[in-house]
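Supplied in structure tokens, the structure appears directly below.
Chain naming follows the written order as A, B, C and D, and within any one chain the residues start at number 1.
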Amino acid sequence: MKIGFYPGCSLEGTSREYNESVLALGNALDIEFEEIKDWNCCGATAAHSVNKELSLSLPARVLALAERQNFSEIVVPCAACYNRLTTTQYELAQDEEKKKRISEIIEMPYDGSVRILNVLQMLQKYAVDSIAQKVTNPFKHSVACYYGCLLVRPHKILQFDRVEDPQSMDTLMSAIGANTLDWAFKTECCGGGLSVSRTDIVSKLSGNLLKDAKDRGAEAIIVACPMCHSNLDMRRPEINKYLGEDIEIPVLYITQAIGLALGLEPEKLGIKRHFVNVNLI
Amino acid sequence: MNKLEEKAVSLLQSGVKLILGYEKGDKGARPFFCHTPEDASKLIYDEHATTNLATYILKPELMGHDKVAVCATLRTLRAIAQLASENQIKEENLIVFTITEEGNGDVKEFSGIDEINSYLTDKELEVAQLYKELDEKLSGMSREEKWSFWVNEFSRCIKCYACRAACPLCYCTRCITDVNRPQWIDPWPSPMGNMEWQINRVMHMVGRCIGCGACTKACPVGIPIGYLSRKMLNDLSEEFGYIPGQAMKDGNSLSTFKPEDKENFIH
Amino acid sequence: MDNNESEFEPKIVAFVCNWCTYAGADLTGTSRIKYATNVKIVRFPCTGRIDFMLLLKAFANGADGIIVSGCHPNDCHYTSGNFHARRRWIAFRHLLEIIGVDVRRIRFSWVSAAEGAKWGDLVNETVANIRELGPYTEYTKVAQYVEKEDNNE
Amino acid sequence: MSKIGVFICHCGENISATVDCQRVAEELSKVDGVAYSIDYKYMCSDPGQTLIKQAIKEHNLTGVVIGSCSPRMHELTFRKTCAEAGLNPYMCEIANLREHCSWVHEKGEATTEKAISLVKMLVEKVKKDHPLTSIQVPITKKALVIGGGIAGIQASLDIANCGHQVILIEKDPSIGGHMSQLSETFPTLDCSQCILTPRMVEVAQHPNITLYTYAELDSVDGSIGNFHVTIRLKAKSVDPKKCTGCGTCSSKCPQKKIPSEFNAGLGTRTAIYVPFPQAVPNKPVIDKEHCNYYQKGKCQLCKKVCPTDAIEFDKPDELLKEDVGAIVVTTGFNVLKTDFFPEYGYGKYKDVITGLQFERLASASGPTLGEIRRPSDGQIPKKIVFVACAGSRDPAKGIPYCSKICCMYTAKHAMLYQHKVHDGESYVFYMDVRAGGKNYEEFVRRAIEEDGVKYVRGRVARVYEKDGKLIVKGADTLLGGAPVEIEADMVVLATAGVSNNGAEQLAQKMHISYDSYKFFAEAHPKLRPVETNTAGIFLAGACQAPKDIPDTVSGASGAAVKVAGLFSQSMLVREPLIAVVNRCAPPLFSTCVGCFMCETACPYHAIEHEEIKNRNGDVIKTVAKVNPGLCQGCGTCVAFCRSKSIDIQGYTNEEMYAEVVSLLNN
């Protein structure tokens, strides 16, 4: 089974482990990811706070390239890229002039026919039953699934899962034997882009989040967004300082957790790259 | 004995008084009223069977109160469906059967109007060649040319009302031409009277005409009157949301409306 | 009827609904807005009541132009009379176009009971258009065909 | 030969200023059929009218045309004048010479010519007019009121007190509606039961009111003055005549854990139950879904213990046919449940309740006998957060409107809580407090200033449960949108008022229109708020839109007076300008061919099927017939009918044809 693949900058940079785990999981479930040739950055939060047309052209160019390679579907593991690409496709579909203008800027024909899937949608669509059969060592831990903001909002555009209480990650995790906790911070913000400029706010927001997970007995936090992962994992010292207590819960990508359950070696899944070490197995 | 004849004989034996069908005429099939099993052998069915038998269904003198069967072509089926949507068909007195299109002579009897409607859903209403040529010619004309073309055509009308007699959906006991208080339409064939008659007939066909072409065939002086209602049928079907050749449920496209009907001339 | 341009006084009949456009025309009166005398109003209970044959009769009897006006959609006193009328005019106007009747001479409009000024403008505008189009002899020639048969004009 | 009188009015000089009235009158006298033609300065004045009457008598005129102001002004006056002189009023027509001629044209030949042709047009019309008599429709002096809440109760009492018979039907086992569920009512805090139950008893005892509870409307047809309704009396399985209301059956019934609808799901009830102590009638019904006998065929305990053997298990539903002259719809509204709100936990948290549930907690006959206790653990909450506009004014949730009563009952709830739990803390998150009624604003100020309710101006973004507490995360827009987080023991959502489920089907049964929220549509929002577009059917209470009790009661009395007004005349008199399907001698009987396309065109469902039968009763043909009570005279069917078999009196085909021809030929 072949499907278009758009890694985005984070998967090539700070969250290489997410990329490794997606690819490793891919060939374990014989899903072949074919990268979009000459892909460019999606602009993330930076672009749309600076220049509207730039924030539409960057994702549009990626979609145009995918169309040129005539993919009908592409997988976008990073939540921010997934959000930007889908919002662009939605906005250009609403407004003919804008669509014409944007395809002029990127000097490529843009039709907007490619279906964009985030990693949860891709797994639900192609792998949910094969995963259950292929589990060799079940992930016997209670976990708190954390969706963050960009996977589920704005609902009108993304139309993905329940806005306030999403369940897609929970279903995948319970398919591999995990005990998913019902907790209140599933879609609360982790601090996002303030990670560098206002680390104090990130430590407060992520701190509350982690505290609630720990109080409810979570042994790991499962995420599907590089931004959330870096705030919860990399900023752990500041968080512990803010909370005044040491929280050692590791933060895993869902693809890593499923990979472990399928018996793939931790190195291949980039488990070693985390700041808070993963001593679950 | 082919299947059609078998069917006719079995129907006649089971109490049906009359079967409307076709028999061999000099130029192919022509209408035939079969009353006895012996005549059943005369019944035939081929592509010359174009006269619309539905016209006879509404003649009480012919139908009476007992059971009648009709060997229906596609056109007749469409007419029956439309007549049923206008409460003109007594289903208990009418048995409708047709010869399937596979060409192996199989007979298919319909249980009722609904089955006829569903049978017709995938049957495309084809466009006659004559219509295409005229439409081509007329669309090139200016308004004034169209006007003189039609005034000339209508002036040839002799008000024989054969078009009204041939059309299965023209079943009013007293037609508007017979109304004399007020005298809507001149009874004698004046050019204006002829035009007003045709405009009225076509307006009465909006959303009802099934494009069977019986009117054009019936006109002794060869005025292409079928073109008018067929063009209205094609042009307005998409706008009024009906499928040419299929009956609408509860009301036709002129007795109902949609709040979002589109037009560009009321301002 | 002399035919040179400036002398031609078009004969225009207006079919209007009693609840909206007729009341609108009343308001034009009470606000003393002046308009051309060529238009004469026929009152109907609703635009749904206006029979398309009456338009043909108007042309046949020498009308050079016709105004048909009633309530705006959703304003109809009888809830749906104007919707039915609109559906009828879409079909009827299309048929006239096919036959070649000069549909520019029929002006369809919505005028509410509060739009007195609009009625005045509508009348003046229509009279100007019809004066420009000239008398509709094309139609009346066919209508009066028999009376002039002996001097076969 | 018709003898028509033409009377041209000068209207002081409004007409004569630009129209030569003498010449108009003179020209008209030459028209054949015109027997008398004069002009006069003030036609509508008393001398003017006497002039018309004398002329009618002297020249025994058969028709009259008045050239004057708009018919919308004096048509009625002049028709009454002709009637007094013995001429049928519908043989009198008005030519609009003022608004449509003299006022809008300059003085001159063309204006007078136009005036002449306008009057000639009407003369031609009068020649084709027929004398008409107004329609008399008999009225059944009995009203049907659907819905036994305070609106239905008030309407029934008012109509019954006017001496008319009323049938009141209520689908629940007892009347009282939502008002019976309330503890106290704003703004006076008088106890809802104390002001409502006397009215309920009055309804039960009123000689003119027949009360059917556990009954629903099955079908309606007919028209104003003559509705034929079928009422479905759902089987109560208890014979009201034998039952003394002793309650032994309820106490013995094994099914004890059924969530009580009356207590909004907080309390429980038995399968055979009386909804609440002051229920009227105070007789139990058996809820078939939960009764062991009906579900599993066992038990029958209630039958065994019943002293008067009133239980009748096999009694089927009964269909009751009634004829009524008017219907008042008072079916009330509903409130959204908590599972409608994702941000407040999709209804998972027990201590997140609706305003109606709080009413039951506060009510003395409620599950906690009036003490405010948490549904989860029964503790008395020390801190409650009230959330106003939960669902209302929220286009994203499809409810953009304001539900009008929540601000007031939220202030009341906070006040009741402070009175019952002195050391309690209550917060109200609001957008705008809407307290527009009489003494409403003062009531809310009292809650804030005297009872110390803390009003926070902002929305609540999320509520979630943590260690037995409800964490309420909101914002305070008056403090620059600063986030507010409160650890509350209980959260009360003032949920939106929505239409009853089943409202749409009920509206379709009665052919009344409803809006996109399934609230019933009134004929005119400002000028006809208690009527619907269907003549004879009236509306009152919250079934039309969320409403407080004062508006509901005044609306109910309004609807009642409309019914009483309708019943005050022996016959319903209506203008005869309606459609008629022609009839003629046998064997044709009518030129109508029975296609009934007119039926689909008629907005008032006024076209009926009439079966023409021969002597021995079998049907020859089915033709259309117009119901004079329903037809409003729009004429759409007339212009639509292909065979010209239907015509409208006052605007017949002949008359309109004559007008057009006359207008263009002179």
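The criterion applied here is as follows: contacts are C-beta pairs under 8 Å (C-beta built on N, C-alpha and C of every residue); 3 or more make two chains touch, one makes a residue touch a chain.
None of these values were measured; they are calculated from a predicted model.
Asker: Tell me the chain pair with the top count of C-beta pairs in contact.
Answerer: The largest set of C-beta contacts joins the chains C-D.
Asker: Could you pull out the chain whose C-alpha mean position is farthest off from that of chain C?
Answerer: Looking at centroid distances, A is the chain farthest away.
Asker: Distance from the CA centroid of chain A to that of chain D, rounded to the nearest Å?
Answerer: The computed centroid separation for chain A versus chain D comes out at 54 Å.
Asker: Report the inter-centroid distance (CA atoms only) between chain C and chain D in whole Å.
Answerer: 39
Asker: Using the average of all C-alpha atoms in each chain as its centre, how far is it in Å between chain A and chain C?
Answerer: One centre to the other, that is 66 Å.
Asker: Go ahead and note the Å separation of the Cα centroids belonging to chain A and chain B.
Answerer: Distance between chain centres, rounded to whole Å: 64 Å.
Asker: Using the touch rule from the top of the page, what residues of chain C touch 2 or more other chains?
Answerer: Within chain C, residues 52, 57, 80, 84, 88 contact more than one other chain.
Asker: Specify, in ascending order, the residues of chain D that touch 2 or more different other chains.
Answerer: 601, 640, 653, 657
Asker: So which bits of chain B are touching at least two other chains?
Answerer: Chain B, residues with two or more chain partners: 184, 254-256.
Asker: By the document's touch rule, what are all the touching chain pairs in this structure?
Answerer: Chains touch in the following pairs: A-D, B-C, B-D, C-D.
Asker: Show which residues of chain D lie in contact with chain C when the two form their complex.
Answerer: 70-72, 96, 98-101, 103-106, 110-111, 113-114, 117-118, 121, 533, 577, 601, 603-604, 632-636, 638-640, 648, 650-651, 653, 656-657, 659-661, 663-665
Asker: Under the touch definition given earlier, write down the residues of chain A that touch chain D in their complex.
Answerer: 162-165, 184, 188, 212, 215
Asker: Help me check something: in the complex, which residues belonging to chain B touch chain C?
Answerer: Going through chain B, the ones touching chain C are 138, 141, 143-151, 184, 190-192, 195-196, 199-200, 202-203, 206, 228, 231-232, 235-236, 239-240, 253-257, 259, 261, 263, 265-267.
Asker: Flag every residue of chain C that touches chain B in the complex, lowest number first.
Answerer: Residue list for chain C touching chain B: 52-53, 56-57, 60, 73-74, 80, 83-84, 86-103, 108-110, 138, 142-143, 145-146.
Asker: Which of the residues in chain B come into contact with chain D in the complex?
Answerer: Per the touch definition, chain B meets chain D at residues 86-88, 171-176, 179, 181-182, 184, 204, 250-252, 254-256.
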